[in-house]
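There are two complexes below, and they share subunit A, which is joined by subunit B in the first and by subunit C in the second.
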Partner chain A sequence: MSSRASRPGKALHALKEWTLELFSENPVFIGGLSITPVVVGATTAANGLILGLAAAFLMLFLSGMCAMGGMLFRVPVQKGLAAFVSAAAFIPVGYVVDTFLPLQSVSLGIYLPLLCVSSIVVMKVPHALAERGYRKGFLHIVQNILGFFLCTLLVGIVREWLGAGTIFGLPAPTLLTVPSAAYPYMGFIIIGMLGAAAKKAAAVIRENELLDRHEQIYTEKWVDDSLDMEQPDAAEETSVAPEGAVEEQTDTAPLQAEPSAGQERPVNNQ
Partner chain B sequence: MNRGLRKQCDRYRYDVMLCCIPLMIVGFYFYGIRVLYLALINCAVAALLDLIVLQFFMKHRGRWEPSGLATALIITMMLPPTAPYWLGPMGVAFALLVAKYPFGGAYSYAFTPAAAGMAFLTLSFPSQVFAYTTPLQQLAVGADSFPPATSAAGALKLGGIPSFGIFDMFIGNNPGALGTTCVVVLLTVFLYLAVRRCVDVPTVCIFFASAALFALLFPRSAAGPFLSVVYEMSSGYILFGGLFLLCDPVVLPKARSVRYLYALLLGPAAMLFRYNGAFEEGFCFALLICQALLPCLEALVRHVRRQLANRREVAAHE
Partner chain C sequence: MTLLLEFTNTFLLVLLFENTLFARALGIGRLIRLIEHPATILPFCGILTGMTTVSSLLAWALTALNQWFPIPSFGKPLAFVGVMLVVYALTCVVWGSFFKSSYNTYRPLLSPAMFNCTVLGSIYIGTRENLSAVSALGLGLGTALGFLLAVIIMYYGQKQLKKLDIPESFRGLPSEMIYIGIISLAIYGFIGSSILF
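The block that comes next holds the complex of A and B.
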């Protein structure tokens, strides 16, 4: 294999790393304050879905505003303005949820508008664009959106399944229900367990990739070494080299004396 | 944790399991063989969970230790004799899978697993956890419902006076959890654990004293302050918790001053949860909160000691 990796290989590797970081760098699993809406609000699958979609809309809107405002304002000012911008962006979200999903609106209470000042919306978006540039920063924001969305949906599904034996209101098979699954303490425990499982899965996948890579390197080295050891026999069987020709010397190949004029090269009968 | 401390923890757990036997005998006398089935099922679930976790999840394949069985027996003693058979295993599973193993196993958890399991059961299934019945009846093994009765703690919560006498409360002839009603056996267990040095006697006494002082200053019943103290101390989980949950050697602080501060804080906290909480008994919640505050208490004591040492040095120089 050549020392330069091909471009498609690099892109695939980058995509794999990016996907793994959805779990190991998930903002809910690593950020304490940002889990409050998830812990208290995501008590059912529907609540989790609404929270995830609302956060996605706010973060996308804010990233667009920050990208445009990057030329006008410095980053600390952008972070300060981010809460106002996300509050303005929340107006249509709140209207849609109140009008079309009144039950979920009551159920979520203050934890839906609290997303406007959540650190993953207000801090991460301007920070990501400033630190990584527009392209990579936007990809990082999309990663955070997907991570938050997956997490809130999963936590909502698990809590609804444990607490009521349903998922999105539809009956789901369960042995026993735990009515206190809707309480915040259960939210913390479920998030902790899911976070540990996600990080363990990411670590196992990385470890397997590393082992595969090491195995590949050692296999290539073994093949190279065996080829180098066979080369002296191949050199003895060839005819006399033309005058002026320069022999290529490998690292392990022994130095061969050039036959002088009139002297035949000994033939290896092996 | 070094080997000496591990041995101390294991010895504590074996003694706790031994002390649960006379309490189970009392329970068997008052309620029949159902008590033993409850204990067996809980212990079987704890043993199975320990086996699964040791085989598949613990990297170093650590040796078996008795903390799971001790937790199961403690939870059994804190449940009513009418508890459904699935209730204990749920509490044991929560205690081991949430409070014990994620924090490092049998020698490094931050909260007493049995208290965490009981807190979970109290929050999730309060009607089953506090469903007591009158003693001296042989409970049917397969039955689901039993004639209800109000415990002493329940009567105090409602602002009344328990309908049974002090003598009945001392010998355990009153509705309540399996292992928390017989004061005579609990005091004997206290003596045994004190002789074996499994409990820190000053810590336990400070806890009882602070809880009793709270009950004396703020009596709930109309029977007078001293009787109120007797009723409060001999009902609910105060006695049982002080003996079996307070002195868990993994969680108990090493410094004496921190221990005494912890016990001093826990007594009023347990009584406050009783007085103002949603349930008739809130000892487990108070214990978990005080255990969460232990690092703060240790920092506070270290700070005070440093200040005192500095002042002594300054005084010595002068």
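The block that comes next holds the complex of A and C.
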């Protein structure tokens, strides 16, 4: 019964779970990884975008190197090697930001290079590949990349909107501005608030999914029971006792002529 | 006397007013994990103190060489992580050779204490401010002890938070972030907006 229901929706369910985990297991809001660059660096939407893209590049590069390096990244110095590799990968990132985005480079300060040693890069990537294998580990890394990107972008947008009344430099409607939104203390508070919102949203979605799943299971059981009830002839022949079969055979002849009466019998027996 | 004043000035500034955690948010993730395992707080902070102090001094030396071998800004993370790797390797060799039993006990804390935002952040700050060797020493010590101070404050704060009737969504990390934010706000009340990031 359950296999008949889960086969077509299995892939969709897995995708829904994976998407839900972007919020319920967000690496920053829930896991507490790499909060430092988000708190101080993501003061505007542009900064948040740059941080998210830089972290994505570093994590993808490191995961590729870990996959090629294999056992090398399982030794106790894996964090150091991972930090060195990500610092090497940072060279093109730093060059592009310094050359083409000088304002954002000054605004981000030391917090963009700090991504090289942040826990989401040097800890999460090697552990994910070592514990889950390459395929599932890579999917987990992509999930963390998207989760971190969403977090930095969201925090940057909120802080720029609160602080300057703009989003990506474009005016956005607002009732009031809070200029201190760019300071680290507001970063902590905003991350705390957004983390609570993410937890609540994930809990509500899971609760609704659970209710939907219970309803689906109940509906399937009702359908299966109805299907079983629609096969009365096979049920009648198997349910008649052998001892009484000779006597009842004479009785069934008129019953067969009257199918409506015969159809009612299994219902009454039940 | 001048050297002592210079050291004390930098040390107290970084310990209190430009606290590693509350003012610069360096090492938040590590702090969250440490307060859940209080037995590892002192050993971790002891190792961190050594790492930040030695790394700050080596980075100061690297900056002195920068005059002859300039390092572009996008290459600095690689150079500084290289310094951290050298310090890590030396620590493992020296500690493992002379104090093997304690090395085996605290080895799992070595790489988290070395490769984190606190150490790299202190190196960056020291090299950017063009500090002297004595000030770099004060910066390294002050960074690690400021981290220890922040961990102690957060540890007892978290214990009090657990006793309160906090809504389910705010339990754990969200309430801790708001708590850190309020303490950070108090520190910014002292220093204003003079910190350069």
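In this text, the second predicted complex is superposed on the first by the 200 of 270 C-alpha atoms of A that agree within 3 Å, B and C clash if a C-alpha of one lies under 4 Å from a C-alpha of the other, contacts with A are read in each partner's own complex, and residues count from 1 in each chain.
The rule is simple: a residue touches a chain if its C-beta (ideal position, glycine included) is under 8 Å from a C-beta of that chain, and two chains touch if they have at least 3 such contacts.
Computed from a predicted model, the values in this text were never measured in an experiment.
*Asks:* With both complexes superposed on chain A, which partner does A:A128 reach: first (subunit B), second (subunit C), both or neither?
*Replies:* Touch partners of A:A128: none, neither subunit B nor subunit C.
*Asks:* Does the superposition put A:L58 against subunit B (first), subunit C (second), both, or neither?
*Replies:* In the superposed model, A:L58 contacts neither subunit B nor subunit C.
*Asks:* Quick one: classify A:P179 as touching subunit B (first), subunit C (second), both or neither.
*Replies:* Only subunit B is touched by A:P179; subunit C is not.
*Asks:* Taking the superposition as given, does A:S119 touch the first partner, subunit B, the second, subunit C, both, or neither?
*Replies:* second
*Asks:* May I ask you to decide whether A:I157 touches subunit B, subunit C, both, or neither, giving the answer as first, second, both or neither?
*Replies:* neither
*Asks:* Spot which of subunit B and subunit C makes contact with more residues of subunit A, would you?
*Replies:* Between subunit B and subunit C, the winner on subunit A residue contacts is C.
*Asks:* Report for A:G192: first if it touches subunit B alone, second if subunit C alone, otherwise both or neither.
*Replies:* A:G192: touches subunit B and subunit C.
*Asks:* Jot down the residues of subunit A that show up as touching in both complexes, subunit B in one and subunit C in the other.
*Replies:* 183, 185, 189, 192-193, 196
*Asks:* So in the complex, the part of subunit A that touches subunit C is made up of which residues?
*Replies:* So the residues of subunit A touching subunit C come out as 29-30, 32-37, 39-40, 76-80, 82-84, 87-88, 90-95, 97-98, 109-111, 113-114, 116-119, 122, 183-189, 191-193, 195-197, 199-200, 203.
*Asks:* Along subunit B, where are the residues that touch subunit A in the complex?
*Replies:* Against subunit A, subunit B makes touches at 86, 90, 98, 102, 120, 123-125.
*Asks:* What does subunit C use to touch subunit A in their complex?
*Replies:* So the residues of subunit C touching subunit A come out as 23-30, 32-33, 72-78, 80-82, 84-85, 88, 107, 111-112, 114-117, 119-121, 124-125, 128, 167-170, 173-178, 180-182, 184-185, 188, 193, 196-197.
*Asks:* Subunit B touches which residues of subunit A in the complex?
*Replies:* 176, 178-180, 183, 185, 189, 192-193, 196
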